[in-house]
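Beneath this line is the structure, given in structure tokens, with notes to follow.
Note that the chains are named A, B, C and D in the order they appear, and that numbering of residues resets to 1 at the start of each chain.
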Amino acid sequence: MSVFIDRDDTILIQGITGSEGSFWTRHMIELGTTVVVGVTPGKEGQSVEGIPVYHSVRRAVAAHPANAAMIFVPPRFTKDAVFEALDSGIRKIVTIAEGIPLHECLEIRAAARDRGARVVGGNTSGVISPGRAMMGMFPYWIERVYKPGRIGIMTRSGSLTNEVTAMVVAAGFGVSSLIGVGGDSVPGTRFAELLPDFQADTGTDAVVIIGELGGTMEEEVAEAMEARRFNKPLVAFLGGRNAPKGRRMGHAGAIVTGGKGTVEGKTATLRKAGALVAARPREVGSLLFELLGRNPGSKA
Amino acid sequence: MKLHEHEAKEVFAKAGIPVPRSFLALDAAAASQAATTIGFPCVLKSQVLMGGRGKAGLIRLVKDAPAAQEAALELFASPHGVHKLLVEEAVAIEREIYLSITVDPVAAEAVVLACAQGGVEIEELAATAPEKIFRESVSLSEGFLPFRARNLCMSLGLSGDLAKQAAAILDALWKCFRANDAELVEINPLFVTKSGTLIAGDGKLLIDDSSLFRQAGREAGRDYYDSDAAFEAAKEGIPYLQFDGDISLMCAGAGLTTVVYDLIVDEGGTVANYLEFGGPNYRKAVRAMELCLKNDPKVILIVTFGTIARADVMAEGITDAIARLKPKCPIIPCIRGTGEDKAVEMLRAAGLEPLFDTEEAVRKAVALAKGGYR
Amino acid sequence: MSVFIDRDDTILIQGITGSEGSFWTRHMIELGTTVVVGVTPGKEGQSVEGIPVYHSVRRAVAAHPANAAMIFVPPRFTKDAVFEALDSGIRKIVTIAEGIPLHECLEIRAAARDRGARVVGGNTSGVISPGRAMMGMFPYWIERVYKPGRIGIMTRSGSLTNEVTAMVVAAGFGVSSLIGVGGDSVPGTRFAELLPDFQADTGTDAVVIIGELGGTMEEEVAEAMEARRFNKPLVAFLGGRNAPKGRRMGHAGAIVTGGKGTVEGKTATLRKAGALVAARPREVGSLLFELLGRNPGSKA
Amino acid sequence: MKLHEHEAKEVFAKAGIPVPRSFLALDAAAASQAATTIGFPCVLKSQVLMGGRGKAGLIRLVKDAPAAQEAALELFASPHGVHKLLVEEAVAIEREIYLSITVDPVAAEAVVLACAQGGVEIEELAATAPEKIFRESVSLSEGFLPFRARNLCMSLGLSGDLAKQAAAILDALWKCFRANDAELVEINPLFVTKSGTLIAGDGKLLIDDSSLFRQAGREAGRDYYDSDAAFEAAKEGIPYLQFDGDISLMCAGAGLTTVVYDLIVDEGGTVANYLEFGGPNYRKAVRAMELCLKNDPKVILIVTFGTIARADVMAEGITDAIARLKPKCPIIPCIRGTGEDKAVEMLRAAGLEPLFDTEEAVRKAVALAKGGYR
């Protein structure tokens, strides 16, 4: 079992013929992901890594039914790509582009909600269940980071995720599913919306969230814990503790306005709800160890 | 991109929102002349992007020509880098209102906020008296319907002609929000004049940076940045923040760079600049190092853990930059990810000592910086 | 039991202080309808026929919960009024204005569908269950037209409805519920969407539809009958049998384009599905008599 | 309101859709001159609202100046009431495409239709070869997204630059549809020229009558109507259709009036005009009767069964109209509804014999008309 994707998901790749698209298509397949079809307008008839390419999502899914879409298109075309996937009935979408216009982020999230779909991203590396399937761009071949295991991870970052996950693995654990919700101020999917999936996932013993200053995603997690909608052990690591107030450092979503969204506030809220909050990446591993009381080994 | 007040007001005025009569002056003489043209009393408003201009003394009410000249000279000489003054008619104010539109990331809607008490910091009010703030959520696909404007006007206690004016201003403000791909549009305060009209006392407009490509003519010039380096970095598309400490960061990934900043502060170190050369910029190592060197740092700390940005490509860029720029300060590389082995080789060949642990790299950088290298 | 409204529905009236609004509010109350509150912006504190008036729907329902809205505002303000009612959670709406802009008709119908609401109209006299409740403008006091009974009626017309209903009553029947879907080309609710309600209504023995040329509403009824989604006796009367082709006669929706929407075609389709189609208003009564095999008397 | 071809093309051109070079000529001399300016061959297109202009000989391809003059004279003299000619360059055509946007009342969406076979009647094609028509449903709140244009272009077999041109035209056509509150926008045919460009061969734009109030500058002049009476009625907001039979209808309610028309035809009668004076016009009895009398009818048949339109108010209007206009033809009133008793009294006082059964009233009208009254 895993969260969001598994081997039985059938993946369509939008923008498959681009350099990023084709590179990561190969890796997704190598990892075991069931990639069934690709789309690049104007390139029907080509194939990438043995995957047939179609002009449009509609034509692609007519020939090769898919239930999930991985979008590798530039930010300004992302909304169109997401709506095209939704229009063909796809309800599981990962979109990686950084720089999607803000108003379009709102439209993407609203459209997904209205259609009962889930869009993960933009501005993310995507989703990976190490050893099973991947929709995104993770260096899964680095074993000290992407070792399969029983820890669920949700993150707003990219490189920082590698950093923190490496510490989880260094402490003797592995990853069940890792979901990068992305660093935008209006991501398609929010931490708290994924908690029910991790709660239900029998392959996940505990969850790590890699958050940061700005927004309210971490507070929503605390709320779900307070309301007992999530009650597995949870460790948080939050970036931007020392970031200067009122200046945007890093991600679009990483800004404190009017005293709201500080790491200090998030830390207090999470702790009150029963989460452990790590001060440094390394501490994530030791806190997990403390919580789980044992080293569960690496097998999922 | 945050617009200057005069730019925001220009956008608002074009959309039909009443703004005070004004002139933009680039020096004290022009400001004096503008003041005389507008008549007294009038207001000199420094066009800088910082908040709290009133408290900082950057807005002055002047009653005659000599006062105007004196104030203008003072403002242009202020340490806040004032390059433009907005000379504006003084409005006879009955009371002040607050209006803004921003986004609600959870509901995936826009939010129109209104408060009968303008001129205050809305976040402060939200903390102390949230019941005074009225809100309407607006779905972008539905648009801002008239009943929502009416709801807000009623909540503000406006009726009759004032309510009509306010509804028209709200509608225009919505159009500004949408047409400018705004993160925030704000009129604070919106003046209710003694003659019963509404007029925008201030104007704030933040354009979403990711939408600038379709906001024709919007380009942030030097006066949108707090340093030359920040301005140059922005032109390259390199995320950069200017500080005045010892350690230049040259890292990849917004989250990771932010955490490196955190760790340096935790260790008692200080940061000269925040700089990301990861993501699409990972081939810009030379340009990034140039920007760092402008700060004359005691150490350059390079931390990456890349996905798309391959470690070997970054290492190559760094060794290239060292060869070209010959930095005198020590460089601490902590480069992980795809192509790591090759990266390590290259760094060693360039005489650097690669590290693999972020916390260790930070500690070393802080120690070197404190050790007073050079 | 009745269709769409009954005495236990609590009605809010938008535009209650206008001349139409106040006139028909009185009649709705007289008939027994539970009118609880009214709205006219700027007139809070007034009352109409004893019904308190508020500035906005939100303020009105906060003080007097209502589950249905009757809209008496001019056509160009109708969309705003409908969305205001929907925004306050009202899911049963009747809007009478003739001349709602076409694109706004589309938006109204789409919004109602997306929110699980039903908007009846515009360009209609509304909805009446004689002897029980009314949302609209029917001369219910004319007993030879609005006699309570067991025949359900759906109509695209106003005056013609009086004409045909008088024939139903003349034949010894009465009306259970009458729903004017209106004469616009994009009404908020369509005939076929109301059939499940008439099917379920134990107070309805048979249904009369008063249709006309143009559009596909009658064909949709036939489709529901063919699919056995509706199987009570049904009599149709269709106006515009002799109307000139390609010219719009009467309602906005009453035009034949490209040979589609003729009364001839509708008649054949309905007959094939098992409906009886009357050639003249008077025949509606005799066909009902034929179908029901008896005169069921006037009591519902 | 259906626009003339030249008006529709003007709207399209402003939106960026390529249209042939053209001049509008109000007489034959101007048309000849325009033809010479444009060069030969060129096309003279009668600006009338009827369909099938080609088959009716109202569109002429001319090869030289004398031919142009001759054709122009003929067209202006045609029985179809040609008052304007659009003189247009002849385009070297490779093939023709069909594009349109209309509404789908069931789905509550707009529908964009495209067909690789242009120039045909789309309804005919829909009946005979529906698989040749491609459609995209578009929610108004979502708007017309680029992927839908791409889908249509692919279905049409367009690729490369032609696909790009077609996508741009579709996008512009969508903007025309929305901005003009259109019931229908149509380009049929859209020419694919021999030089590989797309250009609108014809243009159709139907504006929703209920939206005309916000379509600034759109007012249907005399040349939008087939008779003076229809034009005058439209100015009053009275629904009116001109026929050439014996019985003038002066009824209330669109559905009821239509059924009265049906019944008259069933009884072997003929109609002089369709006219509704119910609804908001129920106080316009005098004006309505004036319009009827212009047709010199053998009978005026009045059938109403009112709800808002009170029977007594209508009866009052009718007796007033009779007093003022003193019609010579018989008048048959069948006025039911609210205030019926009072109405009956008034009609009797005016010497009329009120009826209560529509079918009876129709039979009487037809009999009187056939009886050759006067």
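As a convention for this text, a contact is a pair of C-beta atoms (placed from the backbone, for glycine too) under 8 Å apart; a residue touches a chain by one contact, two chains touch by 3 or more.
For clarity, every value in this text was computed on a predicted model and none was experimentally measured.
*Asks:* Give the chain pair, either C-D or B-C, that is connected by more C-beta contacts.
*Replies:* C-D
*Asks:* Which integer distance in Å separates the CA centroid of subunit A from that of subunit C?
*Replies:* 50
*Asks:* I'd like the Å distance between the centres of subunit A and subunit D, where a centre is the mean of that chain's Cα atoms.
*Replies:* Distance between chain centres, rounded to whole Å: 56 Å.
*Asks:* Could you put a whole-Å number on the gap between the CA centroids of subunit C and subunit D?
*Replies:* Using C-alpha averages as centres, the distance is 28 Å.
*Asks:* Mind pulling the subunit C residues that touch 2 or more other chains?
*Replies:* Residues of subunit C touching two or more partner chains: there are none.
*Asks:* Specify, in ascending order, the residues of subunit D that touch 2 or more different other chains.
*Replies:* 141-142
*Asks:* May I ask you to sort the chain touch graph into line, ring, star, complete or other?
*Replies:* Other.
*Asks:* So in the complex, which bits of subunit B are touching subunit A?
*Replies:* Residues of subunit B touching subunit A: 51, 103, 105-106, 108-110, 121-124, 126-127, 139-141, 178, 181, 183, 208-211, 213-214, 239, 241, 243, 252-259, 261-263, 265-266, 274, 276, 278-280, 304-309, 336-338, 340, 358-359.
*Asks:* State the interface residues of subunit A toward subunit B in the complex, per the touch definition above.
*Replies:* Its residues touching subunit B are 20, 75-76, 98-103, 106-107, 109-110, 113, 125, 137-139, 141-142, 155-163, 166, 183, 185-187, 190, 210, 212-213, 215-216, 220, 239-244, 246-247, 249-254, 257-260, 279-282.
*Asks:* Which positions of subunit D touch subunit B when the two form their complex?
*Replies:* For this pair, the touching residues of subunit D are 141-142.
*Asks:* Report the residues of subunit A in contact with subunit D in the complex, numbered from low to high.
*Replies:* Subunit A reaches subunit D through residues 41-42, 55-59, 77, 79-81, 83-84, 87, 111.
*Asks:* Which stretch or stretches of subunit B touch subunit C in the complex?
*Replies:* 142, 145-147, 150-151, 154, 159-160, 163
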